[in-house]
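After this come two complexes, each holding chain A, first together with chain B and then together with chain C.
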Partner chain A sequence: MADALFLAISVLTIGSAIAALEMRSLVYGSIALMGTLGGVAGFYVMLDSPFVAMFQLAVYVGSIAVLILFTVMLVKRELIFKKIEDPKRKFAGIGLMLIVILALGAVIMDSGIKTISTDSDPVDFREIGGDFLTYYWPALILMALILAGSVMGALVLARREDTIENE
Partner chain B sequence: MSNELIEFVLVSIALLGIGIYGLAVKRNAIRMLFAVEIIVNAANLNLVAFARFMPHSGGQTLALFSIAIAAAEVAVGLALIIVAYRMYKNIDIADFRSLKG
Partner chain C sequence: MSVIAPKFRLGYFLKGIFDNAFWILTIVTLAGIPAIQIVLFYLELPVIDGELLTAFLAFTWLFNPTMQVPLIKALIYSDLFRIAAFPGFGFAALIAAGTIFVERKMLAKLQLRVGPFYCGKIEGILQLAGDGLKLISKEIIIPAKADKPLFWAAPVLFVGTAAAFVALIPVAPGGWVVADLDVGLLAVFAVIGFFPIITILSAWSANSKFPFIGGIRALHQMVSFEIPLILSLLGVVILTGTLNLSEIVESQSSFPWIIFMPIGAIVFFTTMLAELERIPFDLPEAESEIVAGWLTEFSGMMYGLVQLGSYLKLYAFAALFVIIFLGGWTGPVFWPPLDTELITEGIPIPNYAGDPILTVAAPGLPLLDKDPNEWVMQEQGGLVYTSGQLLVSGVIWFVLKTVGVIFFILLPRGVFPRIRLDMLLHIGWYKLIGLSFVNIFIALGLVYAGVIGPGGIL
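And now, the complex of A and B:
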């Protein structure tokens, strides 16, 4: 059975996920998204994966959330507070959400996953580091190249071309 | 280990549902990016949960790769939103329909 800490973290995670999408201001929305990402990091700690939790905090809460906040600041003030959505699609979206949750939940509850529990020791994070440097090293190098390429691509895309004309 | 696998999977399904709702309803480009982030996090939570109950280190490794790729995706996505905002002075994706070359 779920304990109190698990319930608290899941309420924080799901509640701030809803708040991130529904809050009027985009700034508060991105702060609520930080709550979701931090809650998922809490789940990782509960799953005995401190390495992934640390990575989540460093990459998601640390950099992605700050990047989103800066982008929101670049947008005009009226747009930050304006809610843009189709009222007709809102009910369809809620229906779609309920269908997805109920259908997947029914399938999962019906499967054998319900009885799985474990007493085994958690995976040592040294094993993950070893995997990274031995079996997965081509993937690691490829990931580094993708990250470098995407940062360069983002810089090229966001560069202003009209600055010289304005001077 | 006091918690069972099913609880983490159910939280993950709830996050997936919320993300799909956001993608279906919102027309604000930045909010759609929020929804994508929520869905990616639901997938990562599933990976780590199943890896804990196997137990096997592969799931955690895959989750780390997924987090790194998601960082790249957000950087490019936000840059695209900024470019589109500069062109249209709006972040409503209905205005981006006329994007053609």
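And now, the complex of A and C:
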């Protein structure tokens, strides 16, 4: 049962990732991207971490995908890309991807991941939260500062100077 | 002169009936019965009185009076009943139908009108059924240049997402919820995140100006109000230390959280109005500006499905407000506790002179108690009740509170005008987020002052 579910989610994830790259219509491509991100959320559920899965759904499918859709719908398609059909580049890209996947797979397989026992209990998300607030608090505060800084930077960059023009 | 059937002949009529009967019999024999057999093969059937309930046994027991109560009880405690009827879709759709009726009549009374009047003798109570029939029988028109797959899928997805939201809402004590997740509140946030996607996709797929403007407005509104919505509920999560909605309700057995978090409740109520696209935040459907917003191109039952989904969503949001701030199903139990003698001994049956001749053991309240053969006792407020009594009382309290919240959601529609888009965004991004942070700091202050939480006074 778990294997069938794993296969189904894998097919969904990889298939919609390929569709997201290959679709001619940008809107359908972003819908396929949503399928990919939802499939990743399914993997998290299978790995006994529903907390991460729900955040994956809420943040990636609920917000990032909406942002992409919004951008795609508001921008004229001719402005952002021209149709370049080049089979050589396509095959080169596929080959590069295969090389990267094989290299990463070899590294991961060589890293001792096979010796991890998989029947241990899942970690409760409350423990993770407690660890974040006690042992790893400097990392948490650093992340918060980086996020706040990036948001402020984005606000400064995106600010329009309408008020000066009006005067 | 127009007649309904100008070329009516009895022979054709009979031939039509026989044709239909022939095809129905053929299809049922060739496809229906095998399909039922396949479904029965995979269905997990309950065990009643030590016997596995097969289809034959179920038909036999339908006519056996002593087995009917266990049979119905097994049905009530099955997953299908939960999803389709009681805490799930049917219950929510019933409340949604009631909401539509009350909304029309109440707004009419607020604005000194009469409202629907002619359908049904009492207050036009059959108007909703008439509207439903009208929507089902109307033609579904799809714009010529619409993106057909998305345009077809959008109403169905909308209802499906609303039903998923309903499935997360616990209704009564004892696990009366379709999906009892450990991360229930996060699942609610994840489900709410799907609504803007469906809205913008349906708006885009109609390939028309008014739906697109409405969809862009809906997207602005939903995305900017989702953040205060999430933040305003975090105060309660900090105080209770759990994300499970049933546990949040059980934490409010002595007082509801709205006493300590009135700011969070106000912020959540405002964001709820915005997420539901109700006046004063109904810019996506502003009928005086952009026809019907993102619903403009929908016709027939597609429009009906979107309306059904939005009223299911309304019920789910009101129920979420009740669960998190008003204490869900907690409240005084209406049903007085039963005699302990009745539970331990049974019901004494006297003879003509009043002397008890025999005692009949009472095996729990019929239908309501979970286990058919023994009493499941629970203590609440110093008194001992059976689980069936708590179920009845809990459902009544939950429905009363939810209906009250729905009333307050409907009320602004008769009172307030629509606000401007820039005012809406200003409210969302400045005031509500600020207020929800104030709410979070109040919760943190209560925890660190030792009032509530582990080792607190309350």
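The definition used in the following text is that the second predicted complex is superposed on the first by the 124 of 167 C-alpha atoms of A that agree within 3 Å, B and C clash if a C-alpha of one lies under 4 Å from a C-alpha of the other, contacts with A are read in each partner's own complex, and residues count from 1 in each chain.
The rule is simple: contacts are C-beta pairs under 8 Å (C-beta built on N, C-alpha and C of every residue); 3 or more make two chains touch, one makes a residue touch a chain.
For clarity, every value in this text was computed on a predicted model and none was experimentally measured.
Touch criterion met: A:34 reaches chain C, while chain B stays clear of it.
Touch criterion met: A:50 reaches chain C, while chain B stays clear of it.
In the superposed three-chain model, the partner touching more residues of chain A is B, compared with the other of chain B and chain C. Shared-chain residue A:63: touches chain B and chain C both. In the superposition on chain A, contact of A:113 is made with chain B only, not with chain C.
By the touch criterion stated above, A:73 is placed in contact with chain C alone, chain B being left untouched.
Comparing which residues of chain A touch chain B with which touch chain C, the overlap comprises 51, 55, 63, 74, 125. Against chain C, the residues of chain A that register as touching in their complex are 27, 31, 34, 50-51, 54-55, 57-58, 61-63, 65-66, 69-70, 73-74, 125-126.
For chain A in complex with chain B, the touching residues are 2-3, 6, 10, 13-14, 17-18, 20-21, 26, 29-30, 33, 36-37, 40, 43-44, 46-49, 51-52, 55-56, 59-60, 63-64, 67-68, 71-72, 74-76, 79, 83-86, 89-90, 92-94, 96-98, 100-101, 104-105, 108-109, 113-114, 116-123, 125, 127-128, 131-132, 136, 139, 143, 146-147, 149-151, 153-155, 157-158, 160. The touching residues of chain C, when paired with chain A in their complex, are 147, 150, 181-183, 186-187, 189-190, 192-194, 196-197, 200-201, 204, 212, 216, 219, 223, 226, 241. The touching residues of chain B, counted against chain A in their complex, run 1-11, 13-22, 24-28, 30-31, 33-35, 37-38, 41, 44-45, 48-49, 51-53, 55-58, 60-61, 63-65, 67-76, 78-83, 85-86, 89-92.
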